[in-house]
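Let me begin by handing over the structure; questions about it come next.
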Amino acid sequence: MAVRLAENNYGKSRVRLLRVVRQDGRHDIKEMTLGIRFEGDFEAAHTKGDNRKILPTDTMKNTVYVLARQYPVEAPEDFCLHLIEHFLTYNPQVSRVRVEAAESLWTRQTHGGKQHASAFLRAGEEKRTAGVAGTRDGTTIEAGLRDLVVLKTTKSQFEGFLRDPYTILKEDRNRILSTSIRAKWIYEGEEIEFSPVWHGVRQALLDTFAEHDSKSLQHTLYAMGEAVLTNFDPIREIRLSLPNKHFNLVDLTPFGMDNPAEVFVPTDEPHGLIEATLRKD
Amino acid sequence: MAVRLAENNYGKSRVRLLRVVRQDGRHDIKEMTLGIRFEGDFEAAHTKGDNRKILPTDTMKNTVYVLARQYPVEAPEDFCLHLIEHFLTYNPQVSRVRVEAAESLWTRQTHGGKQHASAFLRAGEEKRTAGVAGTRDGTTIEAGLRDLVVLKTTKSQFEGFLRDPYTILKEDRNRILSTSIRAKWIYEGEEIEFSPVWHGVRQALLDTFAEHDSKSLQHTLYAMGEAVLTNFDPIREIRLSLPNKHFNLVDLTPFGMDNPAEVFVPTDEPHGLIEATLRKD
Amino acid sequence: MAVRLAENNYGKSRVRLLRVVRQDGRHDIKEMTLGIRFEGDFEAAHTKGDNRKILPTDTMKNTVYVLARQYPVEAPEDFCLHLIEHFLTYNPQVSRVRVEAAESLWTRQTHGGKQHASAFLRAGEEKRTAGVAGTRDGTTIEAGLRDLVVLKTTKSQFEGFLRDPYTILKEDRNRILSTSIRAKWIYEGEEIEFSPVWHGVRQALLDTFAEHDSKSLQHTLYAMGEAVLTNFDPIREIRLSLPNKHFNLVDLTPFGMDNPAEVFVPTDEPHGLIEATLRKD
Amino acid sequence: MAVRLAENNYGKSRVRLLRVVRQDGRHDIKEMTLGIRFEGDFEAAHTKGDNRKILPTDTMKNTVYVLARQYPVEAPEDFCLHLIEHFLTYNPQVSRVRVEAAESLWTRQTHGGKQHASAFLRAGEEKRTAGVAGTRDGTTIEAGLRDLVVLKTTKSQFEGFLRDPYTILKEDRNRILSTSIRAKWIYEGEEIEFSPVWHGVRQALLDTFAEHDSKSLQHTLYAMGEAVLTNFDPIREIRLSLPNKHFNLVDLTPFGMDNPAEVFVPTDEPHGLIEATLRKD
């Protein structure tokens, strides 16, 4: 029996970048963390220690900064595309490049309703994400977000579920519903304006979460995905991964008190997890 | 030589609470994590294993939920005061109680400029903090915030500093200034409206950071502290702890390029740290 | 265009368990964190809010504890298999169950070379992992480990690599090599003794890392995978994911000093990442 | 009312270092993360933006690497002392320097009972710590450890405690006792061999935890501190901070089963916290 190298890739992870654009009276910033992966003809490096086809990961990192100097770095999807084009052009040994970007969001500071020209505030832990993969035959573009934490105090039930001998969960007509939205969607077509669409999808996810009359987190997930697919033409598929962040109602009866859905314990573990992909046919 | 028990305390940490207030057409939520510490007559527990004066930390946790049912839980400072009063009243063996609260901030979801009545969005990692300590002689009330991350792209220099043989840092007339604000201030006087003051202090810190013509982070720290002390009467002391979150200018000269303050590497380590307490005399 | 539910699953994550076995004169403990995923006929829950085929994730969690009471919980792979068999037996609506386990390792405390019968020490952040998936047609069993951090101070070079205009990395004949091993391997065949094999694979990975005359991390990865596949019959495939944890040699020349591979800066970001799957044909 | 600068300090945090000592047939490594704080005459920097007395924190970092080249870096306490002496000697504007070190522990890899000369394994998350402060009048040396996680399955009770109306905790004669030891002790006297003493204290803490017939975590904390103070002459004071890491017995009665202290849920929050300082008189 022979040992064989199957799938393999290498690259640089956690390449951090801040790009400043300085115009008169207004500065703009973009912060993102990038990961780059090469697939290609690397068998000799693995089996013989022959590095002649290995571009150092240090060079990948340098290339990020060189291209960030050459391009304005607005939509993460566009910056990933520039990197992929560069790497495929100059590296015949590489068959496929994947670049992932996670943008750390900043908002402008405000004072008296007015936005500041050059002072910014970190806008939470939410990340705008992009994942672009390219070969010499084409590219696939995925956009997304993660760590967008939401909570609603009404319009959430969980009833009529399957019971077995180990089921002691009570039916609940008025539970807290909370999740940390992780979404990825795939674009098809050309000339997509990545940033306006991203903001639109984000708002559609938030609006649907807020308004949906939820029978379960599955039910709400589906409604969120459907809202995106029906409202955004260039999106043909969306994947949602939603942890069910449980807020447990505190039992105050040992202390002679009721608890009409007012006092809860937020918990991190264990948690439910609902995942699904929705697709347009 | 005899061994002696000196300072000691015990309590419960990471007690998590979500309190919902449901009114017609509008729900409000408060989420916080509490820590409780008792000081008192606990020598026998340590030296003899005699637990008769040890109220279980489990009971401290239950008390948080019982009081959260009895009180609306608005300002963390007020809720800490309720807990302290309760524990001092019913526990003669306790001489001092300290309660710390870290509020996880939520904002209302908005749609078309309108705020939602019952759907919320996590407002980043910033925490509103309170630390209240009480004895039978009185209480001290400390408020604060942490993890408020800010960045400015102009009005920040660092020049004219001391040099020794190991100093190779270049003078910089246009550096990125970024920090994660951690502030604690002490109140004196009665009838303080904790929440409006907290929002005012936060805005004063942000405005001063944004507008200050910074010669160093020390210089800006002092201006921030001074702005708070001069504008808020009931605050007699403020402590600021500001990491200098370095954004290193990328050297692109090996690649034949300049870099006019456009492309930076954000770093987490090492980082500077500037700390100071300002006080009114 | 119609929207359609494609792949979907749900389950419980971060279910934590400590199982104690008490025998005369010797206690044993196992701690693990489990995740359970169901795939099956859940379309109506998503599209109609009909929960009749949804077993609550709370029940999955309870089942973990019930089965932990019934079985001794030794190898994580065996415990995952028990869970899968249970869920498939009692849930006709489920077509596939996947259970993942991450064991937190404890070692016995020692005193004077003697092992303690009932006192333990957390053995680092390394996790023993298992991932078992079952359908009514069969099961696949994957074992692994992660966060096993290693470092060697010799026998590590990186030379003769590809250079482009953005390559400034120096060739290095004596670099520090360090990684955090993440490995997953797939078993085939019956009657595998999971725990002895796991310990054997772990030792083979460590020994190969230590002894290999490394021309690159790819080269060492391949040697590690090959050592496992050639020495362990029931393993037909292994995947290794190895971050290149860089230790940068400090340039002391500005201070008039050399640095003969003695003083380094450990860094977390950016880092290289090498991934490959090796397979027996 | 005038605003005044009270206590203030500045410095560099998270300065990471790996020091390799290469001898024939045997390499040794030390990894630590350092923090440096200066107190002194920095008023003008704060109030006027005058940096003439501010040595850059970048220089502090460089000094760490320069001194690491000049000294072998064995005990963290000794390395902190070298840094303090350097900074006080060359910086008249500084009145007090504090250096903190947290050593990340590595063990040698072993094969067939034999230790490897140049390959190492990360020994968990435990850190050996040192905190040394120096003025022109003298130094104080503190050593310690943190994140040393231990667990015992017997000899742990919690009974006879104080009860109030919110107490529902059951007495427990056979609970799991687990904590993450954080200890700091202060040395007095000269010529202390820091590393052997550190290992001795660590073993004394572990042995006492393992053997103590615990009536509460306070009771065990005191025994641990007492064991250190009575067995180590140069230690005059020790502070222990011990979270009570709760392992909750799972209630299996809803499923018709007992649970004779076999199946537990490990939890991170909430947790008890016991802190005390013991001193020799």
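We call the chains A, B, C and D, going by the order they appear; numbering starts again at 1 in every chain.
Simple rule for what comes next: a residue touches a chain if its C-beta (ideal position, glycine included) is under 8 Å from a C-beta of that chain, and two chains touch if they have at least 3 such contacts.
None of the values given here were measured: they were computed from a predicted structure.
Just to note, of A-C and B-C, the chains joined by more C-beta pairs in contact are A-C.
Two copies of one sequence, chain C and chain D, touch each other mainly through matching residues, since over half of the numbers at the interface are common to both. Centroid distances built from C-alpha atoms place D farthest away from chain A. Chain A and chain C, compared by their mean Cα positions, are separated by 24 Å. Spacing of chain C relative to chain D, judged by their CA centroids, is 29 angstrom.
Per-chain CA centroids place chain B at a distance of 37 Å from chain C. Of all residues in chain A, those touching 2 or more other chains are 16, 62, 66, 166, 168, 255, 268-269, listed in ascending order. Residue ranges of chain B in contact with chain C, taken from their complex: 165-166, 168, 254-255, 268-269. Here chain B touches chain D in the complex through residues 1-16, 35, 37, 42, 45-59, 61-63, 66, 90-91, 93, 158-164, 166-169, 214-216, 218-219, 221-222, 225-226, 229-230, 237, 243-244, 268-281, going by the rule given at the top.
Those residues of chain C that touch chain D in the shared complex are 16-22, 27, 29, 31, 62, 65-66, 68-69, 106, 109, 111, 116, 118-125, 148-155, 176, 203, 206-207, 209-211, 247, 250, 252, 255, 257, 259, 261-267.
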